[in-house]
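Read through the structures below before going on.
Look for chain A in each of the two complexes below; its partner is chain B in the first and chain C in the second.
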Partner chain A sequence: MGYFDVDDVLADAVEVPCKFQLEVAQVGFLAGQPGESVARNSKLELPLWLARILAIVGAGDGEGDGDGDTPFVELLPPDTFAARVMNAVKADPVALDLHAVSPYFYALAVKWVNLFSDAELGETVARLLLARAQEINSNAANVTLVERTLDDLAGPLASRQNGVHHSSPFMLTMDEWEKTVYKEAHEAYRDSKKWLLQ
Partner chain B sequence: MYGDLGNKLIIEAKRTQQLQSRRNGIRDGTANVSIPQYNDALVRGIIAEVEQIRESGAGGDAAAGQCAHFVNLLCLERNKRCLLSYHKMRSEIMDGMAWAGTAGDVLSGGGGATDSTLSDQLGNLSHSEQSYLQQYTDLLTQMKSAPAFADIDLAGSLTPPSDIFIDVRVLKDAGEIQTEYGTFNLVKDSQFYVRQSDVESLIQQGYLQKI
Partner chain C sequence: MALPAHLSQTFSPEEIQFLVENEPIKIFPRITTRQQVKRNHGDDRNGFRSTTSWTPHRWRMITTDEAPLNNMVAMQSTNVALWIALLLKQQAKCNIIAPEWLTVKGLDRSIQFEQTYPDRFSPLPWDWLVLSEILFKRASDDFHDPVHELRNRIQDLREMRQVKVLKGLKYLNESHLQLDNLSLLEINELRSFIVNIMNKLRDIHNAFSVDEQGESEDEDISYGTMRDSSTNMS
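What follows is the complex of A and B.
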């Protein structure tokens, strides 16, 4: 999650819907019309790295900490955390295609919870992670010490193409962070099995 | 929109990382590092974009002006982060090369390289990266020869050896070496049964191959 972390940079580029609270000239490029102004109350999809700051900083008279001002934009809840998705999460975490919802679901959720102190979302995501972690673990525990299965480390997609190692459909629904968890778990299982057999 | 170029660069970085981890997975930890072509066009594009944002000079005292100013500032920050992240990712690969001992082969343009993939690597680095790799390698050599580390082989393999003596095959002529078990004349394609610790550095340099 560091400044240089490629995954984090990518997660920051996810676009979220925003509503402009005031008319702003010179930023028409945000809406794909360079040189134009963005009208008040217009809705735009802005990347998180832009929206996050604009939503907490407001125009002031140059003094004060900006708390009393209206922020430049208002963040609208993105589709990622729509009630539809949250219901699916509560219904069956394992069956949910998380990758389709957002490849950076957890990273987004963490940012969102931080922004809005949304405790309920935090708890839902924690339960989601708990349920899915068990599934990830049982997938990762499937180790055979054959050279070709090492291809699995490249990710579930590669193993599907090779067709060597039977991967469950669940592996295709993992988000990017879950993939790294899977990869590390798989490597740990492989290493311990190797050690036991030696 | 501003920032799109930076995104492209980061997607490329992500792909490189995935390839890297995949390769390391297959070779099981043995360092085989390769670095893709430096994306000069994209980096130049981003820098041009930064210049453009700076020159646009949006701003003003009104709330709208402040907002425009903020947007521009954030775009600059974003581009900076994308560029830094990309270059950090590449410098980490280069550090790996230096530690794996392949940096010398890469820098010499593959002249003495045993692995043909190494010879293409030099062209994939930008000029600054070449001098970075050179200086990092020099620094590493200096550290390895420092009195404090004189007794430790810092670049040695982390996996404990399974045998004291190993069979090695000579890949290219390396002249004579002397060990406490006698003198070996390393002629190409010959085989020897030697003590592993004696020839470890030669294996790393690519003169010998463990069988």
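What follows is the complex of A and C.
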């Protein structure tokens, strides 16, 4: 999670639903109507980095010392953390297609939990992570030390017939962060096995 | 930062082998490098100098540490670093003595331990997997026990320990992990996985426990700094 972490930047660019609580002039381009103003109570999808600021910073309505400022937007819960998804998470973490829910699920979850101090969501996500970690590990430990042959280039079918390529359906459901974890773990297992068999 | 991540954050098995080769091991030299050789075995306790005579060799090994290498006497066991033992072995100048745990008897005891305690690892040395592999490869004729039996037992041990590790991974948490008696190679292949998972668990945990404990005193510094970085983000 550094400044140059591409996945972190991409996770910040994920759009979340917001509701405008004030009428804001001249920002119609956000809704695809350049030059117009955005009306109060209209719903828009804004990238998280923008929505986060707008949900904190407010505009004074003329009177008061700033305490009573209304934030520009109110964040609405995104589909990623809808009850439907959370129920699926609780039911069977491993069978869940996390990549379909969001390719940056964990990064988003951490940001969301941070914003709302949502301990319940945090604990659910931690349990989900732990359950999926076992599956990631067992997939990563599955090492076949067969040199890549020309058959691999012929396509997935040819290599599957040779028993070279073991790809479980689970690996298609991993989110981007899980993929990097899998890759690093797999490389470590492969190196050890290679060394032991050399 | 010049190294790629997988080399800067963890060891490669080759690097572990390099570390292990610096460990001392017992050998039976077949050559004598000691300058003073006792000719008279009668009363060497009374006067060391009087009963010895000089038989100067034409060569000496260049070492920073005089003691073991230039004091080898044929068929008297001595401790040297593993890498030099392997070099001498390669030139048929010594026999390597397998450590006590690397015998059929010793390994059976370890296997027994692994079976008796389902939640603990047997106290093997930190380099057991690498050392046994090196010795099987380079000094297989120095074992008193048949090598294939030793190999089988090492393999059994490794598998039993892997099963235990898998069981342990279900209880990963954001703060604490104890891996007693696990060897460097075994830890190494799990390192990146465990570190990644624990870091993420801590991220999640910190994200929602910031506010609850924000008012209380910082219990330790590392937690305090973690909290600072996470609050800066929002």
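To be clear about the criterion, the second predicted complex is superposed on the first by the 172 of 198 C-alpha atoms of A that agree within 3 Å, B and C clash if a C-alpha of one lies under 4 Å from a C-alpha of the other, contacts with A are read in each partner's own complex, and residues count from 1 in each chain.
What we mean here is this: a contact is a pair of C-beta atoms (placed from the backbone, for glycine too) under 8 Å apart; a residue touches a chain by one contact, two chains touch by 3 or more.
Worth saying up front: this structure is predicted, and the values here are computed from it rather than measured.
Student: Put chain B and chain C onto chain A via the superposition and say whether they clash or fit.
Tutor: Chain B/chain C on chain A - fit side by side.
Student: Considering only the touch criterion stated at the top, classify A:E184 as touching first (chain B), second (chain C), both, or neither.
Tutor: Only chain C is touched by A:E184; chain B is not.
Student: Applying the document's definition of touch, where does A:V57 land relative to chain B and chain C: first, second, both, or neither?
Tutor: First partner only, chain B.
Student: Tell me the contact category for A:W195 with respect to chain B and chain C: first, second, both or neither.
Tutor: In the superposed model, A:W195 contacts chain C only, not chain B.
Student: According to the stated criteria, A:A119 is in contact with first (chain B), second (chain C), both, or neither; which is it?
Tutor: After superposing on A, A:A119 lies in contact with chain C but is clear of chain B.
Student: Check the residue A:Q134 against both partner chains and state whether it touches chain B (first), chain C (second), both, or neither.
Tutor: The answer is second: A:Q134 touches chain C but not chain B.
Student: At the CA centre of chain A, how far apart in angle are the CA centres of chain B and chain C, to the nearest 10 degrees?
Tutor: Angle at the centre of chain A: 60 degrees.
Student: Classify the contacts of A:Q26 with the two partner chains as first (chain B alone), second (chain C alone), both, or neither.
Tutor: Touch partner of A:Q26: chain B, not chain C.
Student: Considering only the touch criterion stated at the top, classify A:V9 as touching first (chain B), second (chain C), both, or neither.
Tutor: Touch status of A:V9: first partner only.
Student: Using only CA atoms and the superposition described at the top, report the least gap between chain B and chain C in Å.
Tutor: 7
Student: Overlap the chain B and chain C contact sets on chain A and report the shared residues.
Tutor: Touching chain B in the first complex and chain C in the second, residues 187 of chain A appear in both lists.
Student: Give the list of chain C residues in touch with chain A in this complex.
Tutor: 5-6, 10, 12-14, 17, 129, 133, 166, 169-170, 172, 174, 185, 188-193, 196-197, 200-201, 203-205, 207-212, 230, 233-234
Student: Which bits of chain B are touching chain A when the two form their complex?
Tutor: For chain B paired with chain A, touching residues are 1-3, 7, 10-11, 13-14, 17-18, 21-22, 25-26, 28, 56, 58, 62-68, 70-71, 74-75, 77-78, 81-82, 84-85, 88-89.
Student: Using the touch definition up top, name the residues of chain A that touch chain C in the complex.
Tutor: By the definition above, chain A touches chain C via 1, 52, 106, 109-111, 113-115, 117-119, 121-123, 125-126, 129-130, 133-134, 136-138, 140, 177, 180-181, 184-185, 187-189, 191-192, 194-196.
Student: Would you tell me which residues of chain A are touching chain B in their complex?
Tutor: 3-7, 9-10, 12-13, 22-27, 29-30, 32, 37, 47, 49-50, 53-54, 57, 59, 72, 150-151, 153-155, 158, 183, 187
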